[in-house]
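The same chain A turns up in both complexes below, where it pairs with chain B and then with chain C.
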Partner chain A sequence: MTTAPQLDIPPRPRTWPRRALIAGAVLVVTVLTTTPALGGVEIDLDSIARNWGNGASRIAMLFQPDWSILPRTWEPMLETLEMALIGTAVSAALAIPLSLWAARPTNPGNPLRMAVRFVLNVVRAVPDLVYATILVAMVGVGALPGIITLVLFDLGIVVKLVSEAIDSSDSSYMEAGRAAGGTQTQINRVTALPQAWPAFASQVLYSLELNVRVSAILGLVGAGGIGRLIDEVRGFYRYDALSTIILLLLVVVILIEVASNYLRKRLR
Partner chain B sequence: MTATTTTRAATGALQIPVRPRSWPVRLAWAAVAVAIVAAFWDLGIEWSKLASLPSDLAHYTRLMFSDPDWSKLPEALYQTWRSVAMAWTGALLGVVLSTLLGIPAAQGVGPLWVRLPLRWVFAVIRAVPEVVIAIIILTVTGLTPFTGALALAIGGIGTHAKWTYETIESVPQGTSEAVRASGGNVLEVARWGLWPAASPELMSLGLYRFEINVRTSAILGLIGVGGIGDMLTGYTQYREWDTVGVLIIVVIVVTMSIDAVSGRIRRRIMEGAKARDLDRSA
Partner chain C sequence: MRQHTTQPEAEGATPSASVPWPIALDQVTVRYPNGVVALKDVSLRVEPGEMISVVGLSGSGKSTMIRTINGLVPATSGTVTVGPHTVTGLSGRQLRQLRGHVGMIFQHFNLADRASVYQNVLVGRFSHTPTWRTLLGSARPADRDIAMRALDSVGMLEKVWQRGGALSGGQKQRVAIARALSQEPAVMLADEPVASLDPPTAHSVMADLQRINQERGLTVLVNLHLMDLARQYTTRMIGLREGRLVYDGPAADATDADFEEIYGRPIQVKDRLDR
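So, the complex of A and B:
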């Protein structure tokens, strides 16, 4: 038996302590969050078995959509779409100056940029339906609180992503503008805006998609749109009608997604 | 400035090319403008309300934040913890389900007859809001945080499984081919060819899912599955604004802290140990 040629394999890096630490951390958080005594989620698989008969009949209703509700869906659905469109348009108009303020190359002055970013971080931290709930209590039931919610929600997303796109964009054009003696406003208008335009348009389209989804549920708290109808049929446990609404929503969302994907491809 | 341009153009010293104009594009813009105006018109918003909105806003802001009722803070923190627990359980369940379903949906892993139906399922789930999923599930599990976690998990599949298969598809083919060439089977290709390249991104996306769920779990509270959203709806309906103020502050602080921590971890996962001399401050 010949001895195999000796190969010097470098020692494996010791990664297991770190891996164990990460796995341990995930495990600890998971255990904490699933301990009912500590306020965690009670994984109650028993209830699924117990209530299956009850739930199954309701879920079976989902597969027998009640088309008789369809005529009643047009108006709220239209309202949802209109709210989504207006929310997108208003937020797009507001997002242009805000994105320029929030990006470093277009707004080198530190304090205002930090202020805009901080306020938008705060705005983004509040979930959409929470705005809607509070605004409904403030200005009353209707489409107006819904639209304000959508505008706030969109501004958070669009300004963040567009200002990040400006931050990471090629700033040599802007330097050329500065070298030619342009003021910051002139530089922004002539170089930064055209450069940020594809990112901006793509984010606005994305926010339109999101808005249709969000405005579909705004009605649950009284902020107008198809959610009002969802709330109504769920109150009566009319899951067959709910199924029709979900299907309609599905068609609308997918149509808008397809259209926006097409437009976004054209933009590139 | 316009004067000099015209004189130059007239003398022919400098020909500025004509700006390209496209009629279809103009027409599309006009259509969008008409649609927006029509939407404004049709909604019939009471604009008088908008006029008084700034003063209303100032009024309610004062009610909420001038003298917040800090005695409600312990309960608010406890309810927030319940929401976060819901978000974490939902994220974990959702990531596991999405990984199991997302991998066969990736091109080069599953056959077409598996891929297409799976992608359809993801698209359908993406179109249904989490709240609606929760409304369906609560017939089985009742108004409990468990319902919320399940809704987050199932609702998460729509986007997360999509991200999973997109990540797997974006992995360079070289390593997988090498493993296959040296006789690896499907599992070995997945373990040695795909996993090392895709795992950082997948883990980072998993954490991101948790961040999203923290926000969504507060929303799910509005239909009564418990947590901070539940508490917030209650106090808003009773118009106890001093408590609502505390709740909003708690939501903002907790969400921003979780985002900050999770964002740091994600950057560490994606970029490796301490960035060398790159300016990441922006």
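So, the complex of A and C:
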């Protein structure tokens, strides 16, 4: 029998102090956020048991979809899709220059970049329902306030994600453009734009997906689309009809997701 | 009788196409914002049409020196003169105009990988093109012609509609040379142009630069760290060590001892391309 030579294994670094620290931090945060006396939220688990019956009957109704509502869904559903598409298209067009202005390689001048980023942070901070409510008051009930809301909502997302993609990507071609005596605008147009294209197209497709979901909600405040119908049936406690609408929405969202996944793969 | 010119005049261009420019550095020092002094009191005159190599280890200041010539790195003190331009103190439109006459190629090619070869070469026409025209994406026929001819001169015309990223390293560097040539420059700068290439490709790219120098009469300044390439392809050699000029003489006559002086250490196998 041969014996393998003794291996000189370096001592394994100790990890338990680190783990204990993380576990302790999680515990402290949990206690702080769930103890009302310490400023946490009040969580009354008993109420789930007490009120179970109220919700259960509604959930039961949700499991028995009322298909008779289906013919009434076509028109608002079409409106929702149109709003989503128009909102995506308009925001995409606006996002091209804004993304380039918001990224460091494509806009090294600090003041303008900071200004664009600040405005977009404000745009992102306002909830979409607030936009919709204000716009419905300003331009009236219908699809238009919904579309404007979607444009603002999409701009916040697309510009942030695309400009961050530009920030983190290799931009050595910039030096060649500068060495050739190009202006920043020329460099951006001819080289940075094609480089950013996949990130841009990918985020625009993502915003289209989001728009269908979001525009379902916007109808609740009168900003058009399928949400108006949702609001109506919910008001009459027709949870069976609501279930049909939710299923329809699910199908549409999945279809769009499949289509955009396919397109995104083709972009690579 | 009226005179006819077949070549359309590029707007804002001073005559440069085939007139090489001299380069002069006068006591140039570069101190970066982080305090590093990359170039110390370097004085140098390059005659028009010379093919000159700048040799030194990485960190010796050769990348910094080459960038003071087109103003990518400003000289902290001293003056840099290129042809009729004093680079020091130039900014904005004047600086871009100077850069339009100075072609440059890079170690990592610096192509936009997702843009077509054609678009990448059009970058060389930037300084001769108004921004609005670039923005609309409509190149003048004359610019298109110059770009195509530049590609043809490096044997890359058949790749014109391919993406930059689809090319091999050697092909990318040729496209980068075409980009620089389409500027119709008076001076060509090359910063370690073959350091990312395999030996046979490195030789053919160096031969391209030599041909540009001989056929177009351009002033060519090329940064290298390999001694055999400097000896074989350039006529004059500058040595930099720790930001100081430590050698200036004919490249072919440079002895191994001279290189040891430039490198500041004995010669190693990796200092030659062909081992």
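Worth a mention:
Note that in this section the second predicted complex is superposed on the first by the 222 of 268 C-alpha atoms of A that agree within 3 Å, B and C clash if a C-alpha of one lies under 4 Å from a C-alpha of the other, contacts with A are read in each partner's own complex, and residues count from 1 in each chain.
The working rule: contacts are C-beta pairs under 8 Å (C-beta built on N, C-alpha and C of every residue); 3 or more make two chains touch, one makes a residue touch a chain.
What you are looking at is a predicted structure, and each value in this text was computed from that prediction instead of being measured.
More residues of chain A are touched by B (comparison of chain B with chain C). By the touch criterion defined above, A:S172 lies against chain C but remains apart from chain B after alignment on the C-alpha atoms of chain A. In the overlay built on the shared chain, the residue A:L85 is in contact with chain B alone; chain C does not reach it.
Once the two complexes are overlaid on the shared chain, A:G24 sits clear of chain B and of chain C alike.
Judged by the touch definition given at the top, the superposed model places A:A180 against chain C, while chain B stays out of reach.
Of the two partner chains, neither chain B nor chain C is touched by A:P97. Look at A:T191: by the touch rule set out above, it reaches chain C but stays clear of chain B. In the superposition on chain A, contact of A:D44 is made with chain B only, not with chain C. Comparing the two complexes, no residue of chain A contacts chain B in one case and chain C in the other. Remark: chain A residues 26, 29-30, 32-34, 39-44, 47-48, 51-52, 54-56, 58-59, 62, 78-79, 81-83, 85-86, 89, 104, 121-122, 125-130, 133-134, 137-140, 142-144, 147-148, 167, 213-214, 216-217, 220-221, 230, 234, 237, 239, 242, 246, 249-250, 253-254 touch chain B in the complex. By the touch rule above, chain A contacts chain C in their complex via residues 172-173, 175-183, 185-187, 189-192, 194-195, 197-198.
Note for the complex: chain B touches chain A at residues 35-36, 39-40, 42-43, 45-46, 49-50, 53, 56-57, 60, 78, 81-82, 84-86, 88-89, 92, 123-124, 126-129, 131-132, 135-137, 139-142, 144-146, 148-149, 215-216, 218-219, 222-223, 229, 232-233, 236-237, 239, 244, 248, 251-252, 255-256, 259, 282. On the chain C side of its complex with chain A, the touching residues are 70, 72, 95-100, 102-104, 106, 108, 110-116, 119-120, 122-124, 126-127, 129, 131, 134-135, 137, 176, 179-180, 183, 189.
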